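Alright, structures below, take your time with them.
Heads up, the next two complexes both have chain A, just with different partners, chain B and then chain C.
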Partner chain A sequence: MSTQNVQQEVTPKSALEELLTLPRRGENPYIQDWKANGGKVFAYVCSYVPEEIIYAVKGVAKSRYLPVRLGATGCTKTEDADIDLSRCLCSFARSTLQMGLDGEYSYLDGLVYSSSCEQMRRSFEYWRDKLHPDFLEMISVPRTTDTQAHFEWYLEEVNNVRLKFGQKYGLLSNKASLNETIKIYNRFRELMLELYALRSGDAPKLTGTEALNIALAGFNMPKDIFNEKLEAAIEELKARPAVTGYRARVLLAGSPIDDPALVEIIEGTGALVVTDTLCTGRKYVEGMVDETTDDPVRAIAKRYFSKETCPRMMDGTDARVAYVKRLAKEANVDGVIFQYITFCDNHNIENIIESRSLEKDGVPTLTLEREYQPGDVGRLRTRVQAFMERINK
Partner chain B sequence: MANRELEKYEFLQRLDVTCDLFAGMCSHGWFTPKELFANIDTLFDDIVKEHGHDREYLKSVVDNVHPELAEALLKPKHDMDVVRFGKALKGYTTALNDHLAAGKPVVYSFPTLTSEIWYAMDIVPLHFELLSGLLSGVYITGVEAEADAAAKEGFGDHICGFTKGPIKSIEMGLLPKPDILCKNGSPCDASNLNYVYAADLHNCPLLVLDSPYYSDDRALEYYTENIKEMIVRVEKITGHKMDEDRLRHHVDISNRQLKYYYAIQDLRKEKPCPDPGTLRFLDFGSLAICGHSEKVVDYCKGRYDRVKARVDKGETFLPAGKKEIRTLWSWGWIANMFYLPDWLEEQFGSTYMECQLSYMPGDVVGYVDTTNIETMINGLAWRSLNFCMHKTAMSYSDIWVNDFVSIAQAYKADVALFGGNRACKHAWSLSKILSDVLLEKCDIPSFIWEHDVCDKRYTSHKATKAMLTEFFNSIA
Partner chain C sequence: MLFAGVDIGSSSAQAVLFDGEKIVAYTSIVAKPVPQQSARFVIDATLAEAGARQEDIACCISTGYGREKITFAADNVSEISCLVKGAFWLDPDIRTIIDIGAQDNKVISVTDDGKLKDFVMNDKCAAGSGRFLEKIARTFGLQISDYGPLALSAAKPAPIQNSCPVYVNFDALCRLTEGWTKASIALSAANILASRLINASGKIKMVEPLCLTGGVAKNQAVMRSLDGLLDLPIRQLPVDPQIVGALGAAVLAHDRYHHKVN
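What follows is the complex of A and B.
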């Protein structure tokens, strides 16, 4: 019997399945839908760009502005980016530029940069001069969160970018839209923390790979829709049996990870990544915006400025060490795996500081140097396996 | 009188000896290493008698000096400048010795904020990354052992040599433990992390002067506030108070010093260039001790007088018959190979225009108004924002590119050398833009190569010379 004429019934994906398998970037149906409805999409390069100021802009009719995190999952080579940015810059910066040069971000209407680190901030000029996005702005983020003056500078920078949207497109967020957006984003953070609780409890309900895929979905969808999906996904997770058969519980720290391949490598050895301190993970969702204040822009800036800091900040080392220790203890980990993308000075040295402190407390640590592209699988796997043996798991 | 306190820390002891070697070896009229070593005992006798160094230690230090650097510095085109620099730096090391001996606070400060503010608070700061550079350039062993110790700890190859050199030096007892660290947010992550690491390890305050991404009035106001806050905190932590008259005294010195600095920059536009390039690292050293003493002014004035005299007499220091190739150093001098500009002058007639590690545009930076404390701090903030490396690193690539196009045009450069420190990410990210623009707008080719600024093992001197020989022969 020919199968060609058989009508296949398509079973709609569950919320969890959808989030776990959502395509990235331009193939993402939510982004496609957003654009089809007249919305604009703006990428941000790091978690010091307050998404709420973008999402709160409401265009005419259904047009809205969607912030998405710039990522380069799937980038396998950086030949063109290497010519400009040079090989001694981190492969994440080169990969995002390569994706841009390859047209993978053709759906973007613009980008909002921050002066995050050497590598990313220097790719700004190439976006400006080679890719000519319609909208391209930079937030000068202080190197310290130490004083009120530093916060006021950051606030002014954030507000300047917010106003630039208005100047460019004639649309500005107002108090009402900002407050509404704050509520959406706070709810998003609450739900993600609930997801973390499901990961890090005694009976984890999902793997680190799954958690990262869900997080990546969240980077690329309207947050209110994501919230609905995540609520449903959380119920599915609660109902499923716990993850079993793993050898050790680990915390993953270091450079941002937006490609599940590395987590898959780690979990392929029998480790289970039950929590993390990544800026694409836990740090991204830690800390709420104050909903009671009369100045929502200030409240938003305050949250982003005061959240768990990135090691590009020259202060906050003690707090970052305390944070990784707290999360390691809460999740009852057997060890901590630090990783950094080659040429990332910030995480290279931060990892040394944090791991030294953890080892002093008797928490075993492993440090991996890697490229952004998931190559070199054998070496990484061997290192993780050796670590597992070291911690007797 | 011996600087005994410095002898507790080998890096400082060696720095102190370096001053005396510079001043001593170049002031006797010995113009070649052969003459120097024929009279080495005389040199040792003089130095031991005047400065009290241990003779065996002195000998071990001399044995470790890069012979090519010694040869270069002894040349008449350099010698008296080296003497004056040695004396100026000795003034600093002696002040540092007395400071440490008196139990005053140990402060490490990044030199892009010149040190007048510290001197005015009766503090003599240390600049450990510059020290790392100086030791790499003068001594064969440089800071390689320290860099290896850092690598063993897990610090990547991609961490700048200016950072890797000092990052373990305090732990290794080569430098004193800090009481305060002070750093601006520029030029780069690695330089910041040196201070972050030290603050964490030694549990001491790190005061951050945030480098804004712009150079406008708003940025200046913000940065000035950072400096004022820093002063308040230093006063609180150390009990050392800002003294307006002392600040004025040191700012007055630095203003006079910079008058000559800017004037020499202008004279480099003459053809042939009247200023030998190997002295550029000493010039940067004079900025590190900016405003310290009249000896620094003497150094800068002496430099200016010699350069001006060449212009007035129509003289050149290039070998007879060598056609000048006016060379823009679009990254900067290489710490582990200070003598390279001299070698290029002798071999190819390549004269050193400007570089990112020493260029300070006088028309932009100007002088600090000494009217009152407010004007002085404001002026020092402006100078810092426009300090070499700070200005070009902390913002959009356009600043570096535009500055160097302007320099290439104003100085009528023929070629550009981008000898990039392998770890200098903010520089490498624009190396292609810069070289393309220099070719397009100034019709000058660039030679781009990679080295480790403090570690000669990465790109050997031999390899560097071979590459540059090929380049200069290809454009001949």
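What follows is the complex of A and C.
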């Protein structure tokens, strides 16, 4: 028997194709390259962790730090995590711990948590006590954002973590490296907002599922490389025909979403997700860091502390209600889909407040309860399909 | 010319044949493990009852949780819209529908022209759904059809707070050992189901006339309890409340065939 070795002509992927299909976690070629070059990779868990302070650490070329957002897409069970984390904690917290226990994050050199919610704070404790990552820090985030004292507290927390990197590895970000990083991240935000504009206009150029896949690539790539790819991808998107055949334009709100499967279920019923108020979406890319100050760490902290708030904050509910209404109007949506992961109390209760206010204004809303892994596809599809039938007029 | 609606639920399946003016035949069966099996079986039984053949069906619409798998259906529509269509066809005055199925509860409001206005469904939990009563019935070795009469024979409800179909068994058995009767426990469970449903209706403003659909609407104890909790009178539909979804699908099939919108 002879085996034929056919050398296949491989057409290189376009920037857009590459961003849409970037492999996850340890399979991600950019993370692999980074590690192969001697760089370190740190995961952060929430958008109150300022990535710039990690990315700005400049050692010699071979020891740079890459921040990536911690995700657990593809996690199918949480039975080991459930031993330590009660089943009354959200399935995102349990899935990330499970994948940690399974060794799925072996490419990580460390993690930076923030005290954003109890669920993640508790899972932090098991990372500390059971998984012993090389570097593990927690940023304590105040629960109100309206006083200078609270900001100073947050700034100190951020700066402490920045200094911990120096103590641990002997490398520290400096003013020049921070300023350079700020420029890269601000450019990233500009480009992502341009991508939003391509979705939420009259003739959307991409689906919500595609947009989330691109955002996920952005979470897991060095931002300067991502920016180049995204610029090219945006040109590709502009040149292609608009998305057609959808039944309704929707805004997606609620708990963080980093799994395209959920958006696929929603869009599979004929909805088109044209915008969102998610902390893994629009809230992640809105708000620039001031490039003109003499104190870059303060400027970075300021941006993260004064961005559109998470419902874990005690204040800001009115602002968040106004925010969802403004985005719904700007993107000319037919309805708003709220969702929350079971036991994500912050988003669950916030969803009720926001949806009542929208309904009062005549904007149809739907609220979905879900697990981090959207296994019960049928139950979700029935609800979204009925919602489409409702707003089909 | 016939129009068919099949409603494949998690616990039961129904088919209705409609000729544009009246219900020609209908069948309700206990659901089989695979939706396609239920659909084939229930439509064949209904065709046999009508003395008709598959070829006589001009258009078929499927609904219910198994709706996407039915190959002989031209399209599938959610059970929420089908309930609106069915109830409105039966009684154009209806403005609110309470549907209690095996695992999903819905409160649905209907526009003056018979469209879906708004709806709420239970969260990711079968507490207070038909499954909850099934569980009690199974614990007591009762036929579900005997549940209502037994519960209504109770002098007063047993103290049970749990609405979870899994944990309610522990409560029920505990009360039995304390000397409470099966009837008292059954009545208590019917009351829990009714009050959970009213509380869950949340954002829906219930407007009369209101009707009940789904298998649990046949349970007299739940009906009496809902009647006591609701300020609005409950209007009886002139058919088996379990076939309203399938009927709505059949009426939709008719409308689609004749190119009426929605």
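Note that in this section the second predicted complex is superposed on the first by the 388 of 393 C-alpha atoms of A that agree within 3 Å, B and C clash if a C-alpha of one lies under 4 Å from a C-alpha of the other, contacts with A are read in each partner's own complex, and residues count from 1 in each chain.
We take it that a contact is a pair of C-beta atoms (placed from the backbone, for glycine too) under 8 Å apart; a residue touches a chain by one contact, two chains touch by 3 or more.
Quantities reported herein were computed from a predicted structural model and do not represent experimental measurements.
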- After superposition on the shared chain, which partner residues are touched by A:370: those of chain B (first), chain C (second), both, or neither? second
- Task: May I ask you to decide whether A:386 touches chain B, chain C, both, or neither, giving the answer as first, second, both or neither?
- Result: second
- Message: Taking the superposition on A as described, I'd like to know which of chain B and chain C A:209 touches: first, second, both or neither.
- Response: neither
- Task: Name the contact category of A:359: first (chain B only), second (chain C only), both, or neither.
- Result: second
- Task: Applying the touch criterion given at the start, work out whether A:342 contacts chain B, chain C, both or neither, answering first, second, both or neither.
- Result: both
- Task: Would you sort A:378 into first (chain B), second (chain C), both or neither based on which partner it touches?
- Result: second
- Of chain B and chain C, which one touches more of chain A's residues? B
- Check the residue A:88 against both partner chains and state whether it touches chain B (first), chain C (second), both, or neither. first
- Item | Touching both chain C and chain B, counted on chain A across the two superposed complexes | 342, 369
- In their complex, what parts of chain A are in touch with chain B? 83-86, 88-90, 115, 117-119, 121-125, 129, 138, 140, 142-144, 146-147, 149-150, 153, 311-312, 314-315, 317-318, 340, 342-343, 345-346, 348-353, 367, 369
- Message: Touching residues of chain C toward chain A in the complex: what are they?
- Response: 65, 68, 77-81, 104, 116-119, 121, 123-124, 203, 262
- If you look only at chain B, which of its residues touch chain A in the complex? 153-156, 158-159, 183, 185, 188-190, 192-193, 195-197, 199-200, 206, 208, 210-214, 222, 225-226, 229, 396-398, 422-423, 425-426, 428-433, 450
- Interface with chain C, chain A side, in the complex: residues 342, 355-356, 359, 364, 369-371, 376, 378-379, 381-383, 385-386, 389-390, 392
